[in-house]
Structures are given as C-alpha cells and as structure tokens.
Amino acid sequence: MKMTTDALTVFLQDAFPQVADDFLIVTDSEDELVIDMKISEAHLRPGGTVSGPSMFCLADVAFYLAILRQIGPEALTVTTNAHINFMRKPVAENLLGVPRLLKQGRVLVTGDVLIYEKRDTSRQKPVAHAVMTYSIPPQSAIRSEPE
Amino acid sequence: MKMTTDALTVFLQDAFPQVADDFLIVTDSEDELVIDMKISEAHLRPGGTVSGPSMFCLADVAFYLAILRQIGPEALTVTTNAHINFMRKPVAENLLGVPRLLKQGRVLVTGDVLIYEKRDTSRQKPVAHAVMTYSIPPQSAIRSEPE
Amino acid sequence: MKMTTDALTVFLQDAFPQVADDFLIVTDSEDELVIDMKISEAHLRPGGTVSGPSMFCLADVAFYLAILRQIGPEALTVTTNAHINFMRKPVAENLLGVPRLLKQGRVLVTGDVLIYEKRDTSRQKPVAHAVMTYSIPPQSAIRSEPE
Amino acid sequence: MKMTTDALTVFLQDAFPQVADDFLIVTDSEDELVIDMKISEAHLRPGGTVSGPSMFCLADVAFYLAILRQIGPEALTVTTNAHINFMRKPVAENLLGVPRLLKQGRVLVTGDVLIYEKRDTSRQKPVAHAVMTYSIPPQSAIRSEPE
C-alpha cells in the first residue's frame, strides 16, 4: 500500500473539493478499502431513491481511491470506461462502495465496485455493480505486470 | 412525440430540481433532441476537465428525456444499466448530449448518447459515448414492439 | 439448487449440441459451479492466444448454467446484455469460468463471470471478466425477490 | 484507407482461417464497410435464433476490420473490452455488421457496431449493438490524435 486512509482522505479533499465531503474512507475487517457515501437531498430521484449518477460517482471515487492506494497520489489517473448495473433501488440512506482490483497493467487498471446500502450489514443484496477501467499516467506504472 | 420541448423542460424541473438548472433542452436542425449542459465549478476534475460522473449525468438525463418524449411523463422510468466510454478530455465549457433510441420494447428501452463539446460544431470528435438501458413501468409500454 | 451437475450436463447437450462438447461442468471445493472449457484450434487467434468470442462463449455458457441451476431447465432464457474486459492473454490451454449471481429478479438476472487459465490454480490472475444480464421467461420467475 | 476490401479479405483468411469463411466483406452505398455473416447450424440457439456468441463474433470481426482498414494489417491488435446489447431475436439468416470508429487514439481505438438482419434493408430494427475498444500495438499508432 502506498497511501494510508488518512493520506487518501487528504488527497481526496485537495483533488476533488466539490465532492470530498460526501465520502468517508474506511477499511473493513480484512483491511480492504470501503467508501461510505453520505446521501443528501442532492442525490435523490423521484420515489425517494438514490440517483444513478450519484451511484456512478460513488463507484468512480471508490475505484479511483483503490488505485491510488496501490500506485500513490496520481491526480491525473482518469476513467477510460465504465459499465454499471443498477440492481435494486436503495433507500435514501448512506451507501457503501467496495472496490476490487482485477488487473493492474502498464497503462490500464481494471476491476469492479459493489455498492450496498450501509444498513445491509450482511452484504447479500448489492444495489449496483460497476466495472471500471482507468488509465494511469505512464510514469506511475512501476511494478505493474507486463501486458 | 408525446411531449414538446417545453413540456420536457417543465417535467425536468419538477422531477429533478437538483440538476434541472444545469440542462437546456434544445432540438437540432432535424428536430432531434439535443441536451445542452452548463458546466460549472462543481463538474470539474484536476486538469480543468469535466468529471466522469458529470458526463454520466448528462448521458442519463439526455436518454431519459428521449424516452419521455416517446412515452410521455413517466417519472418512475429507471436506468437498468449503462456503459460509458470516455474518449477525449473536454475543456471546461458546455457539453451537448445527443440521444438515439435503438429499441423500445415492452419493458426495456435501449439506445446510446454521444457527448460533444458544444464548441465542436462539426460533431466529429465525441468526448464520450454512453449506451443506456432503461426499464419502463408496465402501464406505459403501449405501442411498443413485441420483445 | 434445482438442477444437479449431471442434469445440467444433459441439458447442455440437448440444448446446445454445437458447443456442449467443449464444456465440462464441475463444482469447486465450496460446491460452487465452475465451467471447464477445452481449447482447440477453432478457438485460437494470431499469437497462439484464445479468441475474444471464445471467451465470451465461455462466459455466456457459465452464466446461463448458473441461472438454470437456480430456476430449472428453461432453454429460452436469453442474454440481454454483456460487458467483457479482456485483461491478460491466456495461453492456448483449458480455461475455467466461475459465475456469480448478484441479483435474481422477476425478469432480469444479473451477475458476473471470472475467467482463469486452468493452470492458474491460485486464481489470482483472471484473464477476463464478464458482466452478464439475462432475461428469463415470465413463468420461471418464481421465488425471485420483487424488483 | 490503408487496405482495400480485397486486401482485408486475404488478411482475414490468413489470420483467422477458423472463421473467415463465415464472413463476406462488402461496402455499402457510401463506401462504408459492411460485414455479411453467413449463419449456419453452428450459430443457432434453441428457438431457431442466432446465439449471442455468434453475434459477438460478428461485432468483433467487423470492428477489427474497420480498424485494419485505417491502420493497415496489424494482426496483433486485440480487443480490450466490449459491451453488447441484444435487442431483438434475429431469424436464422445472414446478418450484417456495420462498424463505426468514434476515436482512434495512440493506444486505444473505440467505436461501435450495429447488427441487422440482412433482410432488414431499411436498417430500422438493429438486432444487437456492440461497443468495442481495441488496443493497437505501439508502432502502428501513427497519425492518431493525441490522447
């Protein structure tokens, strides 16, 4: 790990002041990264559910932080593509994003994020599943496996 | 068409007051729907480019309005899944979203949205391409083709 | 579980005689479904690697069988959409597909499939990751959760 | 254009002898590339429709040939990811794949493929829509735009 939870929190506040306050970076029992998103009026859609773009934002931030944790603070790392399935309508309360890296290559990093209602402590009913691909600036790509 | 541009504008303001002011609904020379997104500080990322979630939001709103234009005002129509490719980094100015319906079924509506910088008047260099699938409430699905 | 490994094998042979011989249905140590794909000349691409469509076929068959195992023999269950990331070039040997159901709804079933080289016994380096959505015929959808 | 239809046909036969006979490379009235896929018993699924993996294969070949037409014969160009929506069940007859390049970058090429029944001469009812991203070997990437 190249960045602690505290370092990620400071980085997020510097790089994305617009959204940083919506997110709390925590780690779970196995020291895996978990992102806790505070849901407010701005994130809602008709019927009292959380909007798709808000869940997409959680997936994006969660995967971005999972990459930075591995490669260090690279603000210019960018999303190349994303696929998101919305599976259940969450209630208007905090959501958790749980990122997983599947491949860290020289140029592209790929993985996914499961999104749960925070109250779903058993994590059996994900509300959304996002697959993310990021491209990382060339100079950061040390210690990756060959593609 | 079941809704005019004016009707869509009123509906957007009622259903999504959080984001409605960011969007202007226009139609192009062939009477196709085009959504004009005002980019402000809240939409930016490091390097002065527009954030991925902001472009996802434009794609989501543009496709949603394209569906409502066909089926009428159904606020409970929801995104089932989405795939988005980020192809070029846009400058921090207005973006246009151009939706296209490819299939309107009984339950699912599928299509895509091309996103351009507003200043790219030739529309030769899309900055993002999103494929969207929405599910529509059963009672709205009149006049669709069988699946 | 509504179908045993033997029942799935017979079903696959009946419904998809064209490809059934390429697949062996096994279960792993935790009684999870694993599909073993025999790679032959027909599946290769220049450079001696397995073609993308062949890996897509493995993902499709693996997820289809995972659904049938839950809902019983429904040949008319069909793929609605799929997203696949190709992450590493596999050598031209057997591949394993490991499906996971994330949501079984009334109409749509969603989940993903990780594909590994069979020789990668630690399963640390997936070669591909597919997210699949299937739609199931209405009468099969008993015991699903409400959408 | 760096390759003619004839050159693409020869290349396909050399590089993919396993599937080349299923495909006929044609161009339409605007000199755009169109790929005509011959459907045989091997491509079918229960109900007499064309299998998902067969349509994926058509999308993959069509997009690959569209890239080679631009950059020249690069057999090692590979699919990075793909998203495919299956929208209508085609009858068991020839299919057409119509590729479109949206971005040709230094490393990644992105675009989509619409798939039609050949008998649907108005091309109003696509049966599938695939979004493809390919990565191209570094030395081929001349004349691309900066990323």
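Order of writing sets the labels: A, B, C and D. Residues in every chain begin at 1.
FYI, a contact is a pair of C-beta atoms (placed from the backbone, for glycine too) under 8 Å apart; a residue touches a chain by one contact, two chains touch by 3 or more.
As the structure is a computational prediction, the values presented were derived from the model and not from experiment.
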Touching subunit A and subunit C alike: which chains?
B, D
Does A-B or B-C have the larger number of C-beta pairs in contact?
A-B
What whole-Å value do you get for the distance between subunit B and subunit C if each is reduced to the mean of its CA atoms?
33
On a C-alpha centroid basis, what's the spacing between subunit A and subunit B, in Å?
24
Subunit A: which residues touch two or more other chains?
80-81, 83, 85, 133
Taking the complex as given, what residues does subunit B use to touch subunit A?
15-16, 18, 41-47, 51-53, 56-57, 60, 75-76, 78-86, 89
Footprint of subunit B on subunit C - complex, ascending:
80-81, 83, 107-108, 133
Under the touch definition given earlier, write down the residues of subunit B that touch subunit D in their complex.
83, 85, 87-88, 102-103, 105, 110, 112, 114, 125-126, 129, 131, 133, 147
